[in-house]
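First the structure, then my questions, so here it is.
As written, the chains take the letters A, B, C and D, and residue 1 is the first residue of each chain.
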Amino acid sequence: MDELQQNQALADLIQTFYHQGKAPATSTNYSWRNPAGEIIISRSGVDKSQFSPQDWMKVDLKGLPLPEFAHCKPSAETLIHCFLYAEFPDTKCILHSHSVAATVLSGLYLNQGAIAFADYEVIKGIRGHNTHDCTVKLPIVPNSQDMGELCDRLHPESLKNFGFLIARHGLYAWGDTIAEAKRHLEVWEFLLECEIALLKIQAK
Amino acid sequence: MDELQQNQALADLIQTFYHQGKAPATSTNYSWRNPAGEIIISRSGVDKSQFSPQDWMKVDLKGLPLPEFAHCKPSAETLIHCFLYAEFPDTKCILHSHSVAATVLSGLYLNQGAIAFADYEVIKGIRGHNTHDCTVKLPIVPNSQDMGELCDRLHPESLKNFGFLIARHGLYAWGDTIAEAKRHLEVWEFLLECEIALLKIQAK
Amino acid sequence: MDELQQNQALADLIQTFYHQGKAPATSTNYSWRNPAGEIIISRSGVDKSQFSPQDWMKVDLKGLPLPEFAHCKPSAETLIHCFLYAEFPDTKCILHSHSVAATVLSGLYLNQGAIAFADYEVIKGIRGHNTHDCTVKLPIVPNSQDMGELCDRLHPESLKNFGFLIARHGLYAWGDTIAEAKRHLEVWEFLLECEIALLKIQAK
Amino acid sequence: MDELQQNQALADLIQTFYHQGKAPATSTNYSWRNPAGEIIISRSGVDKSQFSPQDWMKVDLKGLPLPEFAHCKPSAETLIHCFLYAEFPDTKCILHSHSVAATVLSGLYLNQGAIAFADYEVIKGIRGHNTHDCTVKLPIVPNSQDMGELCDRLHPESLKNFGFLIARHGLYAWGDTIAEAKRHLEVWEFLLECEIALLKIQAK
């Protein structure tokens, strides 16, 4: 796929996320890196039910708009993307979701700093895992409107499973391809759905 | 967009609301104001899964059909729309939803007069809010079939966050553009979904 | 709409019901009456995700296939449709749904013989109701594979609100037009969704 | 339908399963047998939201790729399919789902070895059942990454109702036609949805 096709495919995926209830009220942001290493990121304030290829813009590694996009406003969370690309240089795509499960559980478990998931087959969807027979942790950091402060709370050693939560805000997930980033996002969202079901049953 | 396109776009949105479970059984009503200041409102009794541009009509500021629509019946809640346009003159669109979460929670919290939401990132979707670090209240009024009585229960100072609930009836949300009204509706519906999830978990 | 168009429109609605989770595993059945008074009913065993106009057949008032459909098998519940058309002669359409809420609640409340709903705005969607300020009852009968026995359990005076439940089986709803039958089905399904939400919250 | 049409129809069904939340994060696998007796099975690692006819491959009765597919990797669970085709020679299609309900309940009930369902009308969707008035059991086996070990845990006499669960992994269902396999999968998924609703209500 060339860049235009990639922009279209990822825009379609964002609309799918909206219809899955993962991107309400213009929330969420998304980016990918083209072969030239440029960061292509969603503009601020776009209704994700109508996200189109025109809603992408390019920023540099510090999150500043490239000259041809100087008139555009990048997502408020652009620096989180820059932080992740800097820490994990092979990363090619970063996705964000704002589901009810991610919002509610990130608030409930904030004091514990993470949610642990054990023995789920779907864990094999996380790169590097080839068995269900293990425990994986999804870290949670407090929310902040200061992205520098928020990124300081992200400890790279806790991020080896390609995802984290911001309290009452949502999930970030990433990967070395767009497909892998999507797969990681779906693993974590599915595990969060299972956890919230168990809590409703009071089986935990 | 011209008026015909706007009528089509908003009709499409209403069908989307139906498929999201927010407009069952011909419930709900919607309006917007064109540049001439006319109120374009949904007719009464239309199945929202099939809402089409032909299902709009025009009323004056008192809710009476304009002459060319004298044969049409406006929504039973037309006077709520007129009240809001009168109180908040910059308002250009008013949306209504009738979801399970809005219906159930508006009944449960009626005695408290409002539902409070704190520390949610999605609060930033409400105009005038640029941080999650606050509490917003969604007021609730008792239901009535007398629209004058119902509007008397609406205190403008409680409506500054562009939404309110009618008990066991649903949510109204509005904005200075159609996009803003949709965003406000999605903020409140999302917060209601989070609240009902917390109650099911018994975390509140 | 002529008969072919009506058959197509109702087939489309059935597919929508499938995607709403109301018609799993070839369950459910549907009928309408054309101006000649013939009963046009769904054939037995059709996957509702693919229900097409070819999946209708005609039966007489006793549920026997008309000659041109002698080779077709009508739905196992055909006699329920015949019973309702006989009891309520103005009825033009009968719909059935098999949702999780209808299945679970019809089992839970079977011993009480009905589920009562009070003060819901959506009650106005039932013909003859113009206020939320009332209580409506949805009767429940035990399930049976003997349709004569099952119909004997249906007391016409309890059916004045155009709906009833069969325990752990689902909902029937009807009306004097297809649109009214759909509206009645959506009223009852929405009320069942509210009830199950309240039970999960333990607010009842 | 010829083989190409069958491959297309089943690919479309897999995409529907994805959108029903039954196939997240490249999980799940599917197969059918053509009239020549060849097993046509889904390749490993495909995103089910985009499953296309090119994502099928052929394996022999031991699960080894046929020569023209020597370069392809079959699903990790291929041997489960081979086991079922060997035990139940009339089987023509095997489906798998990975829903929240199947994942959560297979973990909760693992120690009991099965989940029992009684008196549900939808039981009639399982071949050989013509009344709701009975109890059916859905067996559960512990998960394993060793397919030989996993199949050893499957006792054919417990599989007479065309389905079983693997703990925290999901559901397998099958039938003598693709339509029957789909119907069986939908019966079990619907029963699991009812069970999880009852547990949330604490009615069990």
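By our rule, contacts are C-beta pairs under 8 Å (C-beta built on N, C-alpha and C of every residue); 3 or more make two chains touch, one makes a residue touch a chain.
As the structure is a prediction and not an experimental result, all values here were calculated from the model.
Summary of the copy comparison: rotating chain B onto chain C for the best CA superposition needs 90 degrees, to the nearest 5. Under half of the residue numbers found at the chain A and chain D interface occur in both copies, marking it as a different-residue contact. Our note on geometry: chain A versus chain B, Cα centroid distance of 31 Å, whole angstroms. Spacing of chain A relative to chain C, judged by their CA centroids, is 43 angstrom.
The residues of chain A that reach two or more other chains are 200, 202, listed in rising order. Taken together, the touching pairs link the chains into one ring where each has two partners. Interface residues of chain A facing chain D in the complex, by the touch rule stated above, are 16, 119-122, 125, 130-133, 179, 182-184, 186-187, 189-190, 193-194, 197-198, 200-203. Contact residues on chain A toward chain B in their complex (touch as defined above): 21, 24-27, 47, 49, 98, 100-101, 103-104, 107-108, 143, 145, 166-170, 196, 199-200, 202.
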